[in-house]
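Letters are used for the chains, namely A, B, C, D, E, F, G, H, I, J, K and L, taken in the order the chains are written, and counting of residues starts over at 1 for each.
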Amino acid sequence: MSEHVYKSVEITGSSTESIADGVRKAVSRASQTVRHVEWFEVVSVRGHIANGEVEHFQVTVKIGFRLEAGDQP
Amino acid sequence: MSEHVYKSVEITGSSTESIADGVRKAVSRASQTVRHVEWFEVVSVRGHIANGEVEHFQVTVKIGFRLEAGDQP
Amino acid sequence: MSEHVYKSVEITGSSTESIADGVRKAVSRASQTVRHVEWFEVVSVRGHIANGEVEHFQVTVKIGFRLEAGDQP
Amino acid sequence: MSEHVYKSVEITGSSTESIADGVRKAVSRASQTVRHVEWFEVVSVRGHIANGEVEHFQVTVKIGFRLEAGDQP
Amino acid sequence: MSEHVYKSVEITGSSTESIADGVRKAVSRASQTVRHVEWFEVVSVRGHIANGEVEHFQVTVKIGFRLEAGDQP
Amino acid sequence: MSEHVYKSVEITGSSTESIADGVRKAVSRASQTVRHVEWFEVVSVRGHIANGEVEHFQVTVKIGFRLEAGDQP
Amino acid sequence: MSEHVYKSVEITGSSTESIADGVRKAVSRASQTVRHVEWFEVVSVRGHIANGEVEHFQVTVKIGFRLEAGDQP
Amino acid sequence: MSEHVYKSVEITGSSTESIADGVRKAVSRASQTVRHVEWFEVVSVRGHIANGEVEHFQVTVKIGFRLEAGDQP
Amino acid sequence: MSEHVYKSVEITGSSTESIADGVRKAVSRASQTVRHVEWFEVVSVRGHIANGEVEHFQVTVKIGFRLEAGDQP
Amino acid sequence: MSEHVYKSVEITGSSTESIADGVRKAVSRASQTVRHVEWFEVVSVRGHIANGEVEHFQVTVKIGFRLEAGDQP
Amino acid sequence: MSEHVYKSVEITGSSTESIADGVRKAVSRASQTVRHVEWFEVVSVRGHIANGEVEHFQVTVKIGFRLEAGDQP
Amino acid sequence: MSEHVYKSVEITGSSTESIADGVRKAVSRASQTVRHVEWFEVVSVRGHIANGEVEHFQVTVKIGFRLEAGDQP
């Protein structure tokens, strides 16, 4: 990690399939507009139910990325 | 949510396959006898081990449902 | 409390006005179908937002009541 | 645990003697009206004081039981 | 929630009147510069005291909004 | 805060009206006998129920005050 | 609880016998110098070990008492 | 559980596939060198990100096993 | 504590009698194979139920001991 | 600890230098007016920022001391 | 705090020297691109180890700043 | 982290100087008898007080190391 400074943000991805897939959705969305995304941590797993079945897993993850010169924390 | 009142209960579903499947088992069991089941939140993931392998994932979820007139909280 | 046995349930009341009002809604609903309701504790305060304004406060409370002979915990 | 589904409820037992006795009161009350009660976990230990002495230990436990076909979660 | 991705941020609003009013201040400020603000959760309630009286309630809320294409998480 | 040293105490105020009012009761009582009361933080909101209605909101707050020379922590 | 204001303090009692006895020691000590002691809550149970055996149970309890006019919080 | 004594250790398994698979890796590794492994509990789910995608799920589990005579806790 | 280094491990003892007895079982088992066991802290109290009665209290404690030269942490 | 009874209080010390120094400030202030101060535990580390730099570390510690006959808890 | 609205972000600074230095790195980086930075709170202290020695302290802090008109929360 | 499996242990180091130094003591002791020590996380900071001054900072850290074939978790 050397002298780098990091920021973490909280993102929620959703999936009809699995919790891992919800994590992947959140991570891949974050990576579209932020560089140097390096780690994640699952914060909560929730979801909606419709007609007696799980509709979506909503997975909230903290995602950490390295700040570059000029990035606004 | 308007003026509705909700109740949440804690249910544990088990699966030999995945954590998502344990959630689905808990949700679908709750929906057999309670109406208006609307959301869930994963509370813990535990399990038993036999012969050095995971036997079951036991997934405890809070499940929320809307109370109707006359339902006992 | 003497030798009584108590049960607590988790109920969510909603209000457009205040958090205290959300508590009152949850408590009064529980009291319609359960006797001997004696105490509450606020667990979380959440809510929905529409058009940039708070739509409802959704107040989740643990509500405790004394069990009588024959009540199902 | 196989494919069973479980529910847990929160019950408070009280005792003038000991914390273990408060747990036993809560467990034995739950077992009067619910079948298949299998485990407990102590959540909190509180109590009232009168004349400078402990009057009752009030022990809150989560109690888990197996749901049978038709049981309402 | 479908396939949407959400971000949550932590905002503190203050009010001399009530906790609900502190929530409204935070939510309405967030909505001025962010679109698709959908939910909140109260994280903490603090405040300053002056001359022996509460000066402000400072209510910290997590506020969640839907990310659109191109929004920076 | 400079080189000051602070102490915090836990006080419970009650109100039939609102949570904010319970905070004010606790703060104003603390200020009657302690000087330099500067901040508070809400720790829990509980209450008693009578005849199916909320009787009192009991709001527990941590209250911080600056220690002066000779004050006993 | 009416309009009373309460303070809670953290006291650790010790016992070679049981956890309940550690609570009683803490409560009875608090009651020697403070009036209107009304409730307690167990915060932690620790202890020292000597020669491979438990020497003392050290039970930390929050103890609540009603403040009278002029009592210093 | 009879009169048995148990120890729990914290192990992190990793998987590119799923969270359940990370649990299985941790459990199966623990079972190679310890006997009587009986239960697990998921403590945290983290992971590394490379090129904007999840590289590994790192699943930390508490794993409990029964101590035999002579085993070092 | 001087310049010593300590390690803590998590052990579960069980008792049909009391929580204190479960702690003693865990401590005395740890002391059979580890030297310099100095303190404990109760982490959780759970148990199994059979025929509507508590079968065992299962008390999980963190147990701390001083590391000597050459001990493996 | 023998049969002693202890009380713990929450004190915040501040330092421009280090967190350890903030702890020392809190401990040394408590020791000026209370006897038998024996242990501390860090509860939180916060601080104020001015002109883009840390102004003070504000370190809140729980401080435990032995009660003597007649001390008010 | 008057009628201001605040936002808090989570930043990780690293230092080979001390925890206080890690806080200063995080705060000073945040202040380069954000105005009105006013307070911080330490969330976690972690780090990497190389060749048996601490390589870096990685200190995660919540940093709060006042929002101005037009700032995006 | 690839397909590695990790174990974490809880070690307490002490220092008369600083919290960072307590971490270094714990890490360097763990590294004497365990290979592949890779990360740490501070769990608690406590200490003893003598003659009104801090005697030692006792810093408890979780320390993670990679398990090799044949290592006992």
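Some observations on this one:
The rule is simple: a residue touches a chain if its C-beta (ideal position, glycine included) is under 8 Å from a C-beta of that chain, and two chains touch if they have at least 3 such contacts.
Everything numeric here is computed off the predicted structure, so don't read it as measured data.
Least step count on the touch graph, chain F to chain J: 1. The set of chains in contact with chain F as well as chain L comprises J. Across the assembly, the mean Cα position most removed from that of chain D is the one of K.
Here the repeat of F-J among I-L, J-L or K-L is I-L, since over half of its contact pairs match by residue number.
Note on chain placement: the centre of chain G and the centre of chain J lie 20 Å apart, centres being C-alpha means. One inter-chain figure worth recording: chain C and chain F are separated by 24 Å, centre to centre, where each centre is the mean of the chain's CA atoms. The mean-CA centres of chain A and chain I are about 38 angstrom from one another, to the nearest whole unit. Among the residues of chain I, those in touch with two or more other chains are 9, 18-19, 48, 63.
Applying the touch criterion to all chain pairs gives A-B, A-E, A-H, A-K, B-C, B-D, B-H, C-D, C-E, C-F, D-G, D-I, E-F, E-K, F-G, F-J, G-I, G-J, H-I, H-L, I-L, J-K, J-L, K-L. Residue ranges on chain K touching chain E, taken from their complex, read 1-9, 62, 64, 67, 70-73.
Contacts from chain C toward chain F in the complex involve residues 18-20, 23-24, 27-28, 31-32, 37-42, 63.
The touching residues of chain I, when paired with chain D in their complex, are 17-19, 44-49, 52-54, 57. Residues 9-14, 25-26, 29-30, 33-34, 48, 56, 58, 60, 63 of chain E are the ones that touch chain K when the two sit in their complex.
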